[in-house]
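Input: structures, listed below.
There are two complexes below, and they share subunit A, which is joined by subunit B in the first and by subunit C in the second.
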Partner chain A sequence: MFEHLYIDRPRKLVAFFSEPVIFHCHHYNLFLQQTIEDPDWIDGVSILQTSAQEIFYSLLANAFKRLGLQTAAERLATAAHIFSFLGFGRLNFEVTEEGGEVELTHSHYAEGWLGKYGEQVNRTKPIDHLAVGYVAAALDATFAALGTYVAEETSCVAVTRQDHCIIQVTKAAVPRSLTPSPQMGKLIDQPVPFPKGDTSVDYEAVNEALWGLPLEGDTNGQIRAFNVLLTRMPANYYNRIQYRFLDELQKVDPQLLEVGQALIRESGHVCVFYTFGNIMESLEWETVVGPMLNTDTDWIHGGYAVASSLGWGRWQALEVVSNESCRVAIDGNYEANYFLASYPPAAQPACYFAQGAVPAMMNIVYNGHIERKPVLDEAFYNRLFQRGGVFQGVEVKAREKGDPWCEFYAQRL
Partner chain B sequence: MPIQLSKRRECGGTWVVDVDLGRSPTGEELTTVAQRYGGRCRQFQQLIWLDFPSGRITASLRLSRLTIRLEDKTLEAAIIAELQQLVEANGPACAVDL
Partner chain C sequence: MVVRTLKSVLEQHIAGLPGVLAVLIGRMTDGATIAEINYSGTHLEKDSLGSLAAYASDLLRANNRLCQVVDAASEADYLLAGSAEVRLVIKAFSKTPYFVLFLTKGSTNLKLVFERIKAILADGKPLLPPVQDNTTSVAQLLLSYARRYAPDPNFVALRLSLKTGLHRERLEKGQLDEREVRILYKGVADILGVERLPIPLP
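After this line comes the complex of A and B, so read on.
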């Protein structure tokens, strides 16, 4: 499948069958999903499943077309292959045009949840909302059109603790009108020539080293690298669930919007704490980035050099003041690309994930002292962020509201 | 000198073994280990992956540390023994920088 990944080097984006794809780990995936799933006053599960169906339909329909796949068997085999390649686990389709049953093993969400919470909590509801949407999308793209099928997880490893999940798929009584992905979204025309920060970190060298790694699902359909369980997720799945979540909250009560935005920011914080914390403790980091690290501020630059290798767009620290503040530009952020293709220009900055991620990078380096390799668990996270002196961030320029690029400033409270 | 082993529970719940060889391995040494146990050795600049049907060993030509993520514990034990022998047989890879 690697031959179908396209790296847009100037924009630092990665496309897979015309969908932007980005790396995130299971900590972020689970936190964001739980954020959307938890509130009783909206149908979070439907947001998650429907968004997965919409975005993966676009990806799979493009894949089937580009690969010239005609038969149902070829298409379903490819859908299963892509699911594993992206790190979500393994699917075994036992279906006809009328629907059927799909077995899911080594589910990223279920096994990730069990690894993170399984010893403390018993789960009572299925967790594989992405896989449910994916299965419906696979049948839509194989046999019919977007919105033709509905799926439901009837047995989930996170609940049963057995060895596989079951997803049932049938034709919907009435086809649903769903919205396909905006694909690459509104891209920047030309990358802005940002001044090189005061650092020995060579962003482009880090990009090339990491882009050269063939990160794909193993025989279990899982991507284990940088000490974490990764997925190569369509960026628009994250975008759609986060913006749709905010839209739904606003419909219920406009006052809930700020709470929702804060929760998405927190997901960015969680992502950087766990994903980058683990990356910075990994052998891959020590090998690729380690030789470029001369000062503490280089750790921040190193983090953004890696971030810009994950398909997130052109992330670059413009200025880092040791232990005090940082200014970070993102030219062609994946959130802004989607937002501009899906909504009118924003009245307020709307890259909520990045708003949380930028201060988190300062927190993990200057409060977490990641160079000492602490154990990155929930107790450490709570200790770190529930005390004073944490870094907070603000989006000071926003491409989604008309600025030429997005820019973020983080400083200690 | 014995190699140093430390078990670590990684994100996602998997137990991995970090091995400190006391010196960085050479590409040749790692290729030999991979071939002996039916694996595949791939090099990405200074980073090395040894891929086996039951998982991966991540190593670096810069570092003395490597990380073993293998589901097959018999294979894991055999490779650790092999690494121990390798270090004992060859000693420090480079004692003096000229």
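After this line comes the complex of A and C, so read on.
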């Protein structure tokens, strides 16, 4: 499947069958999903499942068309292959045009949840909302059109702690009117020539090295790298669940909108802490970025060089003041690309993931002292916050509001 | 004239006992620390010592319930916990919500620890603060319990606010009516994946 990945080098985006795809780890995926499924007063599960159905339908329909797949067997086999390639686990379709049963093994979400929370808490409800949407999308794209099928997880490993999950899929009584993906969204025309920060880190060299890493699902359909479970996720799945969730909060209880925004920012913090923390402790970091690190501020630049290799757009630290603050530009951020293709210009900055990720990079370097290779567990993460002096960030320029690019500033509280 | 305090009682009775890392008097009803001495240097930060009292409270409550099940007539004995390296010994002041906790090295003579605790229980009891009802609201107890046992404790208040629809400020201050407390109870139980919590509803 690697041959179907297209790297847009100037914009630092990666496309897979016309969908922007980005790397994120199970810590981020679980935290974001948990935030959306938590409120009992909105239907968060439906947001997650429907968004997956919409976004993956676009991806799979494009894949089937481009690969010239005609038969149902070919299409379903390819759908299962793509699911595994992206790191979500393994699907075994036992279906006809009328529907059927799908077995899910090595589920990214279920196994990720068990690894992260399984010893601490019980789970009573299924977790594989993305897979449920994916299965419905696979049948939509194989047999019919978007919104034809509905799926439901009837047995989940995160609940049963057995070896596989079961997803039932049937034709909807009435086809649902769903919204396909905006694909690459509103792209930047030309990359902005940002001044090179005061650093010896060569962003482009890091990009090329990381773009060449063979990160794909293994025989279990999992991407185990950097001590986390990675997924190569369609960016628009994150975008759609995030913005739809906030739209719903705004509609039902606007006073809780800020709480939802804060938790999405926190998911960005969680992502940088675990994914980047583990990357910064990896052999790959030592090999690729390590030789470029002369000062502590280079660690921040190194982090953004990696960030811009993950399909997130052009992330560039403009100014880093050691242990004090940083200013970061993102030109063509995946959140803004989606937002501008889906909504009118924003009244307020809306790149919530990046708002959490930028201060997190300062926290992991200056509060977490990542250069000393601490054990990146929950206890360590919690201590970071309890000690105080954490960095907080704000989006000072927002492309989604009309600025030419997005810019973030982080400093200590 | 020297005024005796709970802290001075603790100091008096731990003098000369090798391997003591920390000693405290805590309150079971809300996990608060009433008096403490920390000899562990950097081993235990202030926050960690505070959480020690809270977790000890949970252990004591669970042990009291166990005792009621197996032998309702007798009082709970010394409670031992910890690891091979570090040992916790906890004993409640009789018929009060207060308790003494010793944190020692694993090698510390347990018999000596029991003797010192016995002395503290005798000398400290007259100095215990009066027990006040409703020192902490049930809502605050629930929130505090969630912070101890739920994942991502720094964000659990935000999560509960979103989950329950209860606004964060009122949640943090514990200013909830009975119906809202029940909603919060269910929210905490859901997050932990359990049906019952060891905190009675009003």
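Rule of thumb we're sticking to: the second predicted complex is superposed on the first by the 413 of 413 C-alpha atoms of A that agree within 3 Å, B and C clash if a C-alpha of one lies under 4 Å from a C-alpha of the other, contacts with A are read in each partner's own complex, and residues count from 1 in each chain.
Quick note on the criterion: contacts are C-beta pairs under 8 Å (C-beta built on N, C-alpha and C of every residue); 3 or more make two chains touch, one makes a residue touch a chain.
Being a predicted model, the structure only gives us computed values, none of them experimental.
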> Would subunit B and subunit C fit next to each other on subunit A once aligned, or clash?
Replying inline: fit
>> Applying the document's definition of touch, where does A:G260 land relative to subunit B and subunit C: first, second, both, or neither?
In response: second
>> Quick one: is A:N122 in contact with subunit B, with subunit C, with both, or with neither? Answer first, second, both or neither.
In response: second
>> With both complexes superposed on chain A, which partner does A:H26 reach: first (subunit B), second (subunit C), both or neither?
In response: first
>> On the A-aligned overlay, A:A77 touches which partner chain: subunit B = first, subunit C = second, or both, or neither?
In response: neither
> Thinking of the overlay built on chain A, is A:G212 touched by subunit B (first), by subunit C (second), by both, or by neither?
Replying inline: first
> Now for A:V321: first (subunit B), second (subunit C), both, or neither, which partner does it touch?
Replying inline: neither
> When the two structures are overlaid on chain A, which partner does A:V394 contact: first (subunit B), second (subunit C), both, or neither?
Replying inline: neither
>> Looking at A:R224 after the superposition, I want to know if it touches subunit B, subunit C, both of them or none. Which is it: first, second, both, neither?
In response: first
> How far apart, in Å, are the nearest Cα atoms of subunit B and subunit C after the overlay?
Replying inline: 15
>> Just to be sure I follow: which residues of subunit A are touched by subunit B in one complex and then by subunit C in the other one?
In response: 116
> Which positions of subunit A touch subunit B when the two form their complex?
Replying inline: 25-27, 111-112, 114-116, 118, 209, 212-214, 218-219, 222, 224-225, 227-229, 274, 278, 283-284, 286-288, 290-291, 376
> For subunit C, which residues are in contact with subunit A within the complex?
Replying inline: 47, 149-155, 158-159, 161-165, 167-168, 187, 190-194
> Which of the residues in subunit A end up touching subunit C in this complex?
Replying inline: 31, 34-35, 38-41, 116-117, 120-124, 253, 255-256, 259-260, 262-263, 266, 270, 378, 382, 385-386
> Which positions of subunit B touch subunit A when the two form their complex?
Replying inline: 10-14, 42, 44-47, 53, 55-56, 58-63, 65-67, 69
